[in-house]
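By letter and in written order, the chains are A, B, C and D; residue numbering begins at 1 in each of them.
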């Protein structure tokens, strides 16, 4: 895979990594599509600890591909934990078999990060649920075979659920693709639900807000891991440039200031790995429990997952900020890939909870009460 | 002007701010083209202190336009100071009258920041000079009416001069435009000189390396001033977003964390103005002297100019890094201008001397010897 | 002076720079005591722009002395602007003649930075005022000849005044000296007022909160200027160490990483000067106006003064943080002065308004309303 | 222990944590002295992973005690790995039984971080070694029962060894204690060796420079872990202060800016734990190998150990820098412990290899050659 990705040109705005894209077809053929799906649903059951390294490798070559490829874990894990056996087996089975996508829908324009203000509603009508509303950002939505949407009970504003909506449900409409600053190749879309009728069994069990928190644990850790790959790329591009660049009559690789910057980068890069591996280990330990679904629901946001995303977003930004200055004038042109690293890295601190939101959450859940401090 | 720029869409990759672009035509019609040219050459003679504010205003709306519009000061001031009266009057007079561009050519691919390794040569043949070589980056080159190129004497590798080459000189060939990460609309190009014959009077007096340093003083201060405009834009976009965004049931403008970030930004923004104004005042004071050309040649790099560029590049980057996190998911899309601020701000630390080069220069000239410390 | 200070050992905890300290006696004999007092009160009338350079010089050698020497400007300028002619002339005249100290009392333990919660009260009784309450921190208080205390009207909690209390007023009692982390030699004390009776004419005119804001403008600019001196000292200590230290067989002064750090420091140091000079120039321009007292009262907090203190506190901290790593193991011992630079620099971001307070103030006064933005 | 430490006043300059100090006696009585010594030498054999948590707990209360208590691991592990069975058993056995100290001596004044310039020599004379020279900094030296000194062969300047010198060896002389900026209670001293004769068996096997690198792996990880304790203390002091402080009529614990700062601190604190735990796990895995001594000698500097020290020093400094601003004026007095956290934290980036040295080392060993990159 790595070779394939490395040889590919950077994806332009016309590229979408959907399940018909040649790169995805190779990925699927290699048995890698949806690699985390458990054996009982027909998947390879790769643990998160290994997934971190896989994502680091993919994002070294193409962060957009890495993002698109891992994001279905957000939806699928909610379904795996909180769907009925039948629904989970049907949809996850198809996903494992076909190497297809699913999507998740949390954020809305007005609610923003305040999910408790979610305006998308569901109402129970006999054996069915009816979903109405608008969502702002959902990656892989336009070609996902189903999506999992956070909605509030139209009759009880404190009651939230996550509802599975198949892509062919009448009234479900993905909007025009967002053009993103980085992560090129990733397809992200808004969506509207107009009187979408689905079976009642498509409602996941548990508090919808909590269910979404559980789903985000996996995708946040893997989003953090994208920083590892980008940072490695930043380092290797720097070394490659320095090997071919003379300064003061010697290769730049022998320059002390350059060496100091690379030594600092390496230390920061290792810290990315440390926090991701720790979060993944904690995730895998919880996942291995008999009562994993209940245990995750009890915890909601996994502290180490949020810490990993925040740390990697911030430290990753520091890394690419420093590196982006090291290529002279050429490094400001589109002829050189370094400025793209900035755009790709930027998403980590912005999506699936910006740092302001996560700092507040961290304080409320893990600092304020002395008994919960680490 | 401001209104015009504000209403204009962001320039796409096809836009070039040359002297036929409608925006430039309005700018010229307003009497603003090449505003720093002195009255004796037919220009408005606006001092640098005022130029800083003008650039801050232009770059608020369009940093690429601001960059393209101010960069001719680099070449024109070298010519004004070190050209013969006749040559200076001819070329600067046309430039003032026509609102046309000139370009400067310093950097080369191999030499990079080490201008003493410049490989472009000139040789004196009777009443003429012959210029040969390749240059890497020159803004406004493809439509500038003349350019000023740093070259080394083909017969004496320690002898450097800056030579004026008219755009229609046979053998002078701009290369394909560089696509830049930011500053869209600015046209930047490589160039080749093949046996370019120009009159001997086109050689500027003085050490070419020193002459170029003098030219850079003005453009570095104005490049620093671009950070002021981008930072103001970052602040105002933030305030606009916050005014329309609710958080916790109140406008974001009433949120304490947002307020703290904006208070910090304002302090940083004011520091940009302080360093630019001080540098401009020092420049203007030197420029007002009878012996300005000699005084500038004696100093070469103006300390405050380099300090301004470094400070604005670094602090400006801190400002846009912080602000770029404040717009939620929308702020990561191309539908929102905030990510463009990052790309535009980035150039300040990269071009006309990266910070590594300028730190070394600052140490060597202003720190190492106790008598020269501030 | 400089020589004297440089030769003196660092002050221990027993040193207090009061008006009987030998160093102060030399300072006074040199005509420098209270150098900002205007000619009409018998002072030298040195403008703030010059004061910045004087403080930078003093704090190079002894930041505690510089702090103690300049802080009376806070009280004296309130009196100069808002005292009756007779009271101002009497107390400022004595201060100019004798080279004595005055103190100001704003902060209280409970109110902290929220001056509107000030619990110290005054009540008007015929021709007198009676002051009661406790204040937390006041430099020079124990030996100041008079102090200026912010108090609230016992009968109207929205009415604040600044009241002059002579040091010999019965019921006025300085508390035990605070031992500070840095600024050694400075004497800072709490105080209690128990039924302190002073003439009614000792009440300064104007809103007490606003009057205090005006007084702080001068001391905040000079506190910012202390950072200049400490930063210069940090640089020179580094250069001295490097001149005597070999690394890789050459003096450390020839090391590229060291050079880069010093080049960066120099840029940051110049930015300290830029913001202080600009603030001082703005202060002096306002001070030169016929209606200076009214003009300052109209503005209250001078934006550039607050910006200078914030910038110098933050950038100064960055400077000494970096430098404090550059002396090997020796630099962690008390045998070397470098760790003291950290302690001295720290106060700038902490006293006379911490950065949290100033960020909020900046936002509220200078950012929130579009018409007031810079 | 924690209770005991928490109740103790901060150690003044007269305190030395030697083996007669009451706190040390309690520590020893609790079976904690030299906790890492292996069972075969009579010690408790606590792994490094547990040691990290122990150090974090100790340094929460008293970083100086934590430093003094863990530093003997540096010398003892060199002896354990590279001493003859008889010498190791004798000295480590006494150390385990008596709860006594040993010291290590690497740095010298002239050599500084360049250990290859070590000027202390040993020469082999029959069954003995003779050691001569001066060392700059050695913690616990004055009361350690033996020390391990890096020396160069007087007859071969490329041959380095580590030599065990018992404290009662004639000619061995600790110098006057260094007063340190932080880590109060720790006793650190220079030393001279004048014709010190020791048995030839006291020479450790292996390259002395490499042996010292191996010794430092353990102490660097535990030094990094000190940051965890200081950072926790910083957080808890902040929470305690905020619980008693009102701002805007509500406890500071409900303030959004405070919450954001604490959320950020918590994330940074967790990153300290992640890097320390990972380094400790890697250390323990290597230690568990049959061929541990050879395996460690083969690696020398453990990458994760150096990364942990660098990351914790830098991130720890960021944490205490931020926290030290959060206590108003009180926080600048010696009446409050917060400024001490700065002094204690500072040592992590300064001792056992400053960051400049470690960045260069990291680059040379782990970045420069593509095959060794992580």
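What we mean here is this: contacts are C-beta pairs under 8 Å (C-beta built on N, C-alpha and C of every residue); 3 or more make two chains touch, one makes a residue touch a chain.
Bear in mind the structure is a predicted one, so any value in this text is a computation, not a measurement.
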Chain pair among A-C, C-D or A-D whose interface repeats that of A-B, sharing over half of the contact pairs by residue number: C-D
Contact-richer chain pair [B-D vs B-C]: B-C
Length of the line joining the C-alpha centres of subunit B and subunit C, rounded to whole Å: 40
Rounded Å distance between subunit B and subunit D, as computed from the means of their C-alpha atoms: 51
Multi-chain contact residues (two or more partners), subunit A: 256-257, 260, 355-356
Subunit B residues within the subunit A interface of the complex: 107, 110, 112-114, 136-137, 178-182, 245-248, 257, 317, 321, 324-326, 328-335, 339, 342-343, 346-347, 349-351, 354-356
For the subunit D and subunit B complex, residues of the former touching the latter: 255-257, 260
Partner subunit C, residues of subunit B touching it in the complex: 232, 235-236, 239, 253, 256, 259-260, 262-271, 273-275, 277-278, 303-304, 306-307, 310-311, 355-356, 358-364, 366-368, 370, 373-374
